[in-house]
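Have a look at these structures, which come just after this line.
In the two complexes that follow, chain A is the common piece, with chain B as its partner first and chain C second.
Here is the complex of A and B:
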């Protein structure tokens, strides 16, 4: 797993690749926390992962909590349907912002 | 297909590769492969993290096979401490972001993605059997 990081219009966009599982969740967490320490506007893209397990969902939840507490914004973007299904069954679609694209997420960062 | 797995998280990557091969050989769709590999990741992770608190190297097994045309059956067996993952409470998926906890989410996802999940403790081993439907959903855009 790798995490690509780009800054677009003031928003840090993180894109993990491969499997976000127990063995890679720690590296994912480090990338996400580093990004949060540097920016309060974070988007995470899910279009390049094979799957995300509960170990990875834990990191996303933690990021959401941290950014909400500090007045930041987290938006989850580019989620294939199979990945969205996992977020939905976990109830995360009710507590985290999920948008189909970066364009759609933009208003949340203004 | 019988896969032997050691109690080390680095085994998950190899497990995924083996499962991918099994799914390709058996004509399982990409979407169902996703569900199956996620289920097995969660279950194997549970065994690796909790079954052997005394440490040391242990090996547990996964028996993966097709049952008829439309089902995949996965049977995990380990000789670790008694552990029934189904006894865990489901997470509260209605709670707010601040209050939401992560515990129990893995097995909850497994239950959501599968048709049947059964636990038994036999001959000092934990046995977990999971059945997933892989029926073709031709004109049916099912969200399950």
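Here is the complex of A and C:
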């Protein structure tokens, strides 16, 4: 698992790759928390993820809560059907913003 | 640095001791080396026991003692000590024999003290590393023992594997991937005719997950006595967990109440996987239900009760994603298609057999790959009640 980080139009876009599971969740958490400390506008792209376990979901959830508390914005983008099913199953789609693309997510950051 | 290295020298030449003390006087004064000397095997063994040297420096042949034999013996007795052999014979075969005997290094006679200094420095460094590794290893062993105890404690909190009473025939099993499990199941009698059943999966694994799972398990059981409706029970469990959940952990869970008077299962879902329904000779299905959010995330969440009316022979299957997401050697997931096939092949099986057949099928699929997640399955077969006064 690696986390690519780019800045587009003032939004930090994080793209984890491979498997986000118990063994890699800590590294994912560090990358996400570093990004949150540096920026209030975060998008996480899920297009290069093969698998996300509950430990990974916890990191996403924590990021959402942290940003919400500090007046920031988190949008989850480019989510394949299979990953979306995981978010829907656990009910996370109700409290996290999920958009199909960065373009669609843009209004949330303005 | 600051580490004192203790060196035992075995040599039968008389001036060795004086020579060493002279050549290494700076290191001795600075507390880097401490030397002891022996000229016989008896003295060597005594000093090994008392002094516990880090480095054993020996001539290849001292008063008829075979240095190579000796160091290979000492290597086993004192695994944290390293030996350096002094040899008058510099030929390759002798030196190979020395190294094969377990020496860390060698020096050639007559001793070049610059070379010996460098050799001792390197050997001391190797011993330091060895000791550090051993210390880390000891810590790991201690942690591992602690984990084993925690795992035992957690296992002891599970209610057992079997319920057989009235119409109910239940079998449940938890196979954890780490020492402690993030999954748990539970069952408890709410009255003579009502059995509560729970399956849950905590985010993460091992100790943190186990601690959280104990909180969730206790709360569910406690609230199940207060609220008859599973949905009401979960609403209150959720609020309690949310209240002080700083670590943002969460748990997906399914809780059902089997009512033997009404012949039905009332269940509620907090972000967990759908219940499987297996009926003799029929295609297995997964019960559609309204799902609330996983427990521990959001304080104000509503849950809903869903009802399944039992027909005799029905088996409901509660499970965790360790089943559907079990990964093969190539990273493929077991998934619902294979899971359904395993259920289809065992529609008439008693719950224990059904449970074991699913696990067997997963094991076959994942052969050669490490178990990545906890696997928990609870099967409850609802049998036809034979009324004592029926004819």
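We take it that the second predicted complex is superposed on the first by the 110 of 110 C-alpha atoms of A that agree within 3 Å, B and C clash if a C-alpha of one lies under 4 Å from a C-alpha of the other, contacts with A are read in each partner's own complex, and residues count from 1 in each chain.
The criterion applied here is as follows: a residue touches a chain if its C-beta (ideal position, glycine included) is under 8 Å from a C-beta of that chain, and two chains touch if they have at least 3 such contacts.
Predicted model only: the values in this text are computed from it and were never measured.
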{"item": "When chain B and chain C are modelled together on chain A, clash or fit", "value": "clash"}
{"item": "Contacts of A:85 with chain B and chain C, given as first, second, both or neither", "value": "first"}
{"item": "Touching partner for A:96 - first (chain B), second (chain C), both, neither", "value": "first"}
{"item": "Contacts of A:21 with chain B and chain C, given as first, second, both or neither", "value": "both"}
{"item": "Which of chain B and chain C A:50 touches, first, second, both or neither", "value": "both"}
{"item": "Contacts of A:58 with chain B and chain C, given as first, second, both or neither", "value": "both"}
{"item": "Touch count on chain A, higher of chain B and chain C", "value": "B"}
{"item": "Offending stretch of chain C which, after superposing on A, collides with chain B (from 62-70, 80-88 or 368-376)", "value": "368-376"}
{"item": "Chain A positions touched by chain B in one structure and by chain C in the second", "value": "21-22, 50-51, 53-55, 57-58, 61, 65, 89-91, 94-95"}
{"item": "Chain C contact footprint on chain A (complex, rising order)", "value": "21-22, 25, 50-51, 53-55, 57-58, 61-62, 65, 89-92, 94-95"}
{"item": "In the complex, chain A residues that touch chain B", "value": "19, 21-23, 50-51, 53-55, 57-58, 61, 64-65, 68-69, 82, 85-86, 89-91, 94-96"}
{"item": "Chain C residues within the chain A interface of the complex", "value": "182, 201-206, 248-250, 252, 270-273, 291-294, 297-298, 301, 321, 325, 331, 333, 372-373"}
{"item": "Chain A contact footprint on chain B (complex, rising order)", "value": "9-10, 12-13, 16, 31, 34-35, 37-38, 41-42, 45, 48-49, 91-98, 100, 102, 105-106, 108-109, 112-113, 143-144"}
